[in-house]
Amino acid sequence: MYVVKSPLSDANLATVSEALQGALVDLVDLALVAKQIHWNVVGPRFRSVHLQLDEVVSTARAHSDTVAERAAALGVSPDGRAATVAVGSGIGVTPEGWVDDSAAVRSIVDALGAVIARMRERIAATGEPDPVTQDVLIQVAGDLEKQHWMFQAENG
Amino acid sequence: MYVVKSPLSDANLATVSEALQGALVDLVDLALVAKQIHWNVVGPRFRSVHLQLDEVVSTARAHSDTVAERAAALGVSPDGRAATVAVGSGIGVTPEGWVDDSAAVRSIVDALGAVIARMRERIAATGEPDPVTQDVLIQVAGDLEKQHWMFQAENG
Amino acid sequence: MYVVKSPLSDANLATVSEALQGALVDLVDLALVAKQIHWNVVGPRFRSVHLQLDEVVSTARAHSDTVAERAAALGVSPDGRAATVAVGSGIGVTPEGWVDDSAAVRSIVDALGAVIARMRERIAATGEPDPVTQDVLIQVAGDLEKQHWMFQAENG
Amino acid sequence: MYVVKSPLSDANLATVSEALQGALVDLVDLALVAKQIHWNVVGPRFRSVHLQLDEVVSTARAHSDTVAERAAALGVSPDGRAATVAVGSGIGVTPEGWVDDSAAVRSIVDALGAVIARMRERIAATGEPDPVTQDVLIQVAGDLEKQHWMFQAENG
Amino acid sequence: MYVVKSPLSDANLATVSEALQGALVDLVDLALVAKQIHWNVVGPRFRSVHLQLDEVVSTARAHSDTVAERAAALGVSPDGRAATVAVGSGIGVTPEGWVDDSAAVRSIVDALGAVIARMRERIAATGEPDPVTQDVLIQVAGDLEKQHWMFQAENG
Amino acid sequence: MYVVKSPLSDANLATVSEALQGALVDLVDLALVAKQIHWNVVGPRFRSVHLQLDEVVSTARAHSDTVAERAAALGVSPDGRAATVAVGSGIGVTPEGWVDDSAAVRSIVDALGAVIARMRERIAATGEPDPVTQDVLIQVAGDLEKQHWMFQAENG
Amino acid sequence: MYVVKSPLSDANLATVSEALQGALVDLVDLALVAKQIHWNVVGPRFRSVHLQLDEVVSTARAHSDTVAERAAALGVSPDGRAATVAVGSGIGVTPEGWVDDSAAVRSIVDALGAVIARMRERIAATGEPDPVTQDVLIQVAGDLEKQHWMFQAENG
Amino acid sequence: MYVVKSPLSDANLATVSEALQGALVDLVDLALVAKQIHWNVVGPRFRSVHLQLDEVVSTARAHSDTVAERAAALGVSPDGRAATVAVGSGIGVTPEGWVDDSAAVRSIVDALGAVIARMRERIAATGEPDPVTQDVLIQVAGDLEKQHWMFQAENG
Amino acid sequence: MYVVKSPLSDANLATVSEALQGALVDLVDLALVAKQIHWNVVGPRFRSVHLQLDEVVSTARAHSDTVAERAAALGVSPDGRAATVAVGSGIGVTPEGWVDDSAAVRSIVDALGAVIARMRERIAATGEPDPVTQDVLIQVAGDLEKQHWMFQAENG
Amino acid sequence: MYVVKSPLSDANLATVSEALQGALVDLVDLALVAKQIHWNVVGPRFRSVHLQLDEVVSTARAHSDTVAERAAALGVSPDGRAATVAVGSGIGVTPEGWVDDSAAVRSIVDALGAVIARMRERIAATGEPDPVTQDVLIQVAGDLEKQHWMFQAENG
Amino acid sequence: MYVVKSPLSDANLATVSEALQGALVDLVDLALVAKQIHWNVVGPRFRSVHLQLDEVVSTARAHSDTVAERAAALGVSPDGRAATVAVGSGIGVTPEGWVDDSAAVRSIVDALGAVIARMRERIAATGEPDPVTQDVLIQVAGDLEKQHWMFQAENG
Amino acid sequence: MYVVKSPLSDANLATVSEALQGALVDLVDLALVAKQIHWNVVGPRFRSVHLQLDEVVSTARAHSDTVAERAAALGVSPDGRAATVAVGSGIGVTPEGWVDDSAAVRSIVDALGAVIARMRERIAATGEPDPVTQDVLIQVAGDLEKQHWMFQAENG
């Protein structure tokens, strides 16, 4: 049986692993949602929204990898499978089909807002038990809040 | 209501869009499954399997984008959301938790095999109605079969 | 007198060379038309349309080179001179002067639509006599249809 | 006391150094103003305006460096300090706070227009006394007029 | 109605816009002619001439873009459409079909010579009304005269 | 009226936005001061000081962008205009004219010292209300202190 | 005993594997022959022929790798050993020793012609049993026919 | 006598400088140990272990530079000499001579474990006196723990 | 008749040209053998062996080019044709078909050993007659011995 | 007899060709002189002076190529042979042997000063007969005057 | 027990392995000493000395890797551990603490001098038994002697 | 008085420094001669000869720098001034004016032949006194002999 000896106490590890697993699910879903809208957006702002969404995808993919490997580094198996994501994500349902650009912007603003709120709770929860994990989540939140601003500004 | 006038007849479009939507779901899931094993693999071949799986992820992500945008180009809204993928993928369930390297290799061999079999059916189905789509799927199959060989060879 | 011994029969060569010469003229004109609108577009979407049109230019230039050299490879002299293009292009007249962004998008959607329709006929005509040429034209059509979708979505 | 022996006569040097110092102040301010709007713009064209303004910043920064070092090469100390810029710039006051995208475009069109008008006077003044300096200012004016056109076209 | 307020007087603008429109037509045609010969040249010097002609194409394309956008920057709509080019170019008719390498070199020497002569007239005409435009045309002439020399030397 | 809903309470937002606005002004001024000395330094160490100062400029410019966009992400309009900087910067007056290399080094050591002291206060103030902002300021301080050391060492 | 389960029926696999093994031998030999002439060519066109031949080498090496790995992907062991190549290649004997440039061009034209003819037969044979393999061979033929044209034109 | 005025109180400086000096010695030794095993490893996993160890070397070298320059920035002379490292490192003795791959993996797992444990103590100690230093050490720990996981997984 | 006047005496030239021709044949065969195993290897170490062999291919191809052109530089026609290689190589027969990873490693260890032994004899033979050639062969031997070590260590 | 038909009248050509030939000789010598001091400088500023001189070499070499090819483009054979340069350069004799850093700086300041003075005369002489050549010389003078300033500042 | 069959006789191997192990220890220490001074140097030449020392570090690290892997290639286990280096290095003790720039230069001149003297003995000793190793050491000596000159010149 | 303590005895140093100074003069002249012909060549092979000569220039410039700095590393002041080169070069007089391509090739073949002959004498002379210098000259000779072959082959 494979066991990594974690540098954290059991209680701290429980807190931190919950935060990381939650962050992983949110980030994997964020990448899928942003790609979905990236493909389905229509309207006069198609190009701007289409391209800006791909930056969200890149950010979410890079951070999901970091978060999952941070869990592994603490001896916790990360779970980023489709079914797990479909059930556990903090992002509401994205409607199917074409979406006009204004609705697309509102949709990603909502998705980012939901993920950011949960990420800030995780930052608060992990600072004490594991500042290394907290620092990872701070980077995530900073990047998501920047994207959040840019789509809100696009809403103007 | 947004409508792209498709260059295909309705019947042909139905065939082609089913093939593309199916390919999209399989490829998105393949990327998620390969990442899942990439994070959870353990054993003496960890590094080789971990790195080779990231090539599968890159291939699957690039092709899923091409396939989804090919659907959009034909006037068909692509659906790559987590719930759609969780339900519709041709890949069997990936077990949770750590996986030793031999099982990891078998698992990705099976996943690739399942996707390839369906992709070959789609190649057969689309040649007549839309050779442009068929050519996209041929590229996909060629890349997946190369990965399939390399993991089978790793099984030796 | 310079003669390349073509690998095709005379009848097949006639079919294929007509397809290639037609594709060449369309692609050279598409690059000129896209540049013309790239320079003359005005309106709130100036930057998006201006930049997206340069992607059409790059695509059309690259493919026109491939198509012309494919003709040469079959022993057929390609003709991409301005007068030939002015007379033979499948794209309708582009009006002179400034063009607002909505009209610009409609204009390039029409131009791409006209070229794509002819390109699909050429794909159908060349598959039997020369699958190598057909494959070139399939790549061309795939790229043009992607641009076509993006401008139609911009019209959204 | 540090003295560079200038290749110009005193009268010519006076003319040229005034032109260069004026250009320096205008260009430093242009970079600051463009960054200010880059951060504060909101509205449906946020992304296009935000990105295009960063091209103005890059252009203005590169040219301010060239202009300042051209002054130094003639033995004239350049002055690009904040207080000097705040007082001497040819650009009118940029209002504080968020700015909607249409106002942002008008604002940068005005700023560029003001700088260009002064730059053209400097080109006229320096041709006789120092064609090397004039050539630098011609490059500056050419680049600014290109940006000016693109924002005017965006106003469309 | 879209109007860019030009920094030039009406009389100067007329002179300068004629020069730019003429230069644009010549450069677009030069790129087409050079590509035509690039594809059709045969003979022992095929590779040298084929490759050198692509440098002419690159130069002509880059300068045509600069010239067209310079016109736009002055408020003048540029016209680079195939029919305009076919009628207005200063380059004589390029014969159809294969061309042996010596004739190819003579042909491009003539084409470059014709464009250079007209470009030098434009330099003379624009210096007074707009030194910024003149500087653009000087760069164009310098690059074309370099290509002219290299093909003349090849004729040696 | 454009309003970003900030993730922070009003009190916390007041503290954090004051820190970010202060940091922005200091960093914009630091870039201007470092460029000023970069152009005006003379003496046997000219090259070393000239080049090292450009690293300060790059660092200060990059961080001012991050800091301003962090403010925007929290719903606070950043102000980096010349007049604001001239009044609000924590850096003392930089004398006009040429400066010998030893004085140049002392001058930038003082400027960096002043900014660092204020930046450390901001780090202390923002840790509680917004750890994401604090992390940004910690990166800023770390980079400035590295530059501070290198110029102090140069003073030897 | 290592066995890859091929996605093809036995009959189809026999056809496809024969095509791939034949293509592999031809391409390995083409690379060796082109290098041989690359080293041994002399005459006034030395540089052009020497360099153009290295493009043939690059093309042949890249395609031989793709073809061999395509065979492996179908469960067929590829054989590219020197003795196999010496016996099975479709290219006639290349004479030893120095070769003047005209003979060198004729020699590579013949070699390319022989390989292309066989490659076209393989394209015809594989389309039905395995369109993925056929697509690989179409790419090969397209690239070789382009090289064939350029050397024929050089013969011009 | 060269003195940098540290931004920290004497007590805080003592704590922080001890942490940085300790980290420096550990990181320099880690780079030496990882190179030692990189050169001496033998066994079926040679290539994987050999390459993965070079990533440890790169990480350790980059961080040792950052840590040493952080000490200098606080006015503390860093000491990374061989004798200091040989005496002060937290890593146990690495045996001389060839080492089989399994022992190599265990050896680097132990070395990383020892350094990580000390690094976590330093993170705890420096948060209060100097958050800038703490942030540096958090980055170090995060990278080392990632390597630690990958070698443990290899042990799997 | 083409003759390069060699800088060596006839006796020295005979020695050196024999060494170079022998080295050429060995290196061309080494590249073919390494590619053959690269395609045919199977087993748990597939990825490591497959990739490491491609480094041997790159090394052997680069050196074969250098060696052949060194011969040409001395006025000696190099012979790297398949039949010459099949007969003259110092490497024993590589069996056809799939090869498990351990046998693959042994096979390439033997091939490298055979080539190295002959290369060392050539180094000894050429030092006196032509130190320039000897230096080329020393580089070859150094690179091959490094590969030899890495595969022996893999055997470990 | 090879003759390029120059676009200039005979009188203008005489003026311009004298300017270009003079510029060529000065620039070739400047590159040689700067390299000579680059190799021979000693003293505490060795590194700064050594590196800065290589920037002079790069500038002088690039401009000498442009100037020579500009002459050729006008039908004038350029002469940059060592003997021509040794006799015709405007730079005084550089003493042999090691040179301390202060003398090195003075030496290159003098060399640049001499070349600049002559280059400014050439700018004045060529504006009328050939503005294209004048523009080339303006670029040369601008770059040399920048280097001149930097070495004068180093003299401080 | 792992044994590489060395291509050298036992006596030759003893000589060569002693040379390589000695070179390894010297080069590892040289990198540590150069980094130590790189961090601790102060004085008006800080930047030049700081940067130049990092070139020594890069050179020493690259060569230590080559030398260690050369030993391994001959079947000799290399030893680059801190304790081995601390005891066996040919470089004298580097004093702790800050070092002014002149002393820093003298220190590295001495260190390079000591290593070079020993390296030249190794070149003399290895030429007969193993010219491949000798060639490696010649490259090392050439690079170190270049650095030696530059620091001696800096001493000027 | 600046003195580098050379690692060589006085007698050996005299031999080696004569070789290096001679090589420097030949290489500087070779670069000048190759550039001279590069600018003045005319004829049907203009492009091939023009480009190939620039490779000679690059090679000669890179080696002249290495050779000069090798002299400096031994404590010998290198002399690469125009007058020294004009008098001391081993290359015969290059005639002024345009040169047809065949004569150009013969001219550079002669120049390379002259330099190579002297370089081989220097290799023979320096092996005993300084193998490091000899190795530098062997690299030089190898590169020049390769160029020599290519121009002889061009002579065919």
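Which chain is which? They are A, B, C, D, E, F, G, H, I, J, K and L, in the order written, and residues in each are numbered from 1.
Here, contacts are C-beta pairs under 8 Å (C-beta built on N, C-alpha and C of every residue); 3 or more make two chains touch, one makes a residue touch a chain.
As the structure is a prediction and not an experimental result, all values here were calculated from the model.
Asker: When every step has to jump to a touching chain, what is the lowest number of steps that links subunit B to subunit F?
Answerer: Shortest path length, in steps: 2.
Asker: Spelling it out: a chain qualifies if it touches subunit A and also touches subunit K; which chains qualify?
Answerer: F, H
Asker: After a C-alpha superposition of subunit D on subunit I, what does the rotation angle come to, in degrees rounded to the nearest 5?
Answerer: 180
Asker: Could you compare the number of C-beta pairs in contact for D-J with that for A-B and name the larger?
Answerer: Looking at contacts between chains, A-B has the larger number.
Asker: Same residues or different residues: which describes how subunit B and subunit H meet, taking over half shared numbers as same?
Answerer: Under half shared, hence different.
Asker: Any idea how many Å lie between the Cα centroids of subunit D and subunit E?
Answerer: 31
Asker: Could you tell me the distance, in whole angstrom, between the mean C-alpha positions of subunit H and subunit K?
Answerer: Here the centre of subunit K sits 23 Å away from the centre of subunit H.
Asker: Determine the centre-to-centre distance between subunit F and subunit L, using the mean Cα coordinates as centres, and give it in whole Å.
Answerer: Going by mean C-alpha positions, subunit F sits 52 Å from subunit L.
Asker: Express in whole angstrom the distance between the two chain centres, defined as the mean CA positions of subunit H and subunit I.
Answerer: Their C-alpha centroids are separated by 42 Å.
Asker: For subunit C, give me the residues that contact two or more of the other chains.
Answerer: 2, 42, 45, 48, 69, 72, 100, 135, 153, 156
Asker: Give the pairs of chains that touch; include all such pairs.
Answerer: All touching pairs, sorted by chain label, are A-B, A-C, A-D, A-F, A-H, B-C, B-G, B-H, B-I, C-D, C-E, C-G, D-E, D-F, D-J, E-G, E-J, E-L, F-H, F-J, F-K, G-I, G-L, H-I, H-K, I-K, I-L, J-K, J-L, K-L.
Asker: In the complex of these two chains, what residues of subunit F are touching subunit A?
Answerer: Residues of subunit F touching subunit A: 2, 4, 7, 69-70, 72-74, 131-132, 135-136.
Asker: Would you pull the subunit L residues touching subunit I in the complex into a rising list?
Answerer: 116-117, 120, 123, 127, 134-135, 138-139, 141-142, 145-146, 148-149, 152-153, 156
Asker: How about subunit E: which of its residues touch subunit L in the complex?
Answerer: For this pair, the touching residues of subunit E are 45, 48-49, 51-52, 102, 150, 153-156.
Asker: Which residues of subunit E touch subunit G in their complex?
Answerer: Per the stated touch rule, the residues are 41-48, 50, 98, 100-101.
Asker: Sort out for me which residues of subunit J touch subunit L in the complex.
Answerer: It is residues 2, 28-29, 32-33, 35-36, 39-40, 42, 64-65, 68-69, 71-72, 77-86, 89, 93-94, 96-98, 100 of subunit J that touch subunit L.
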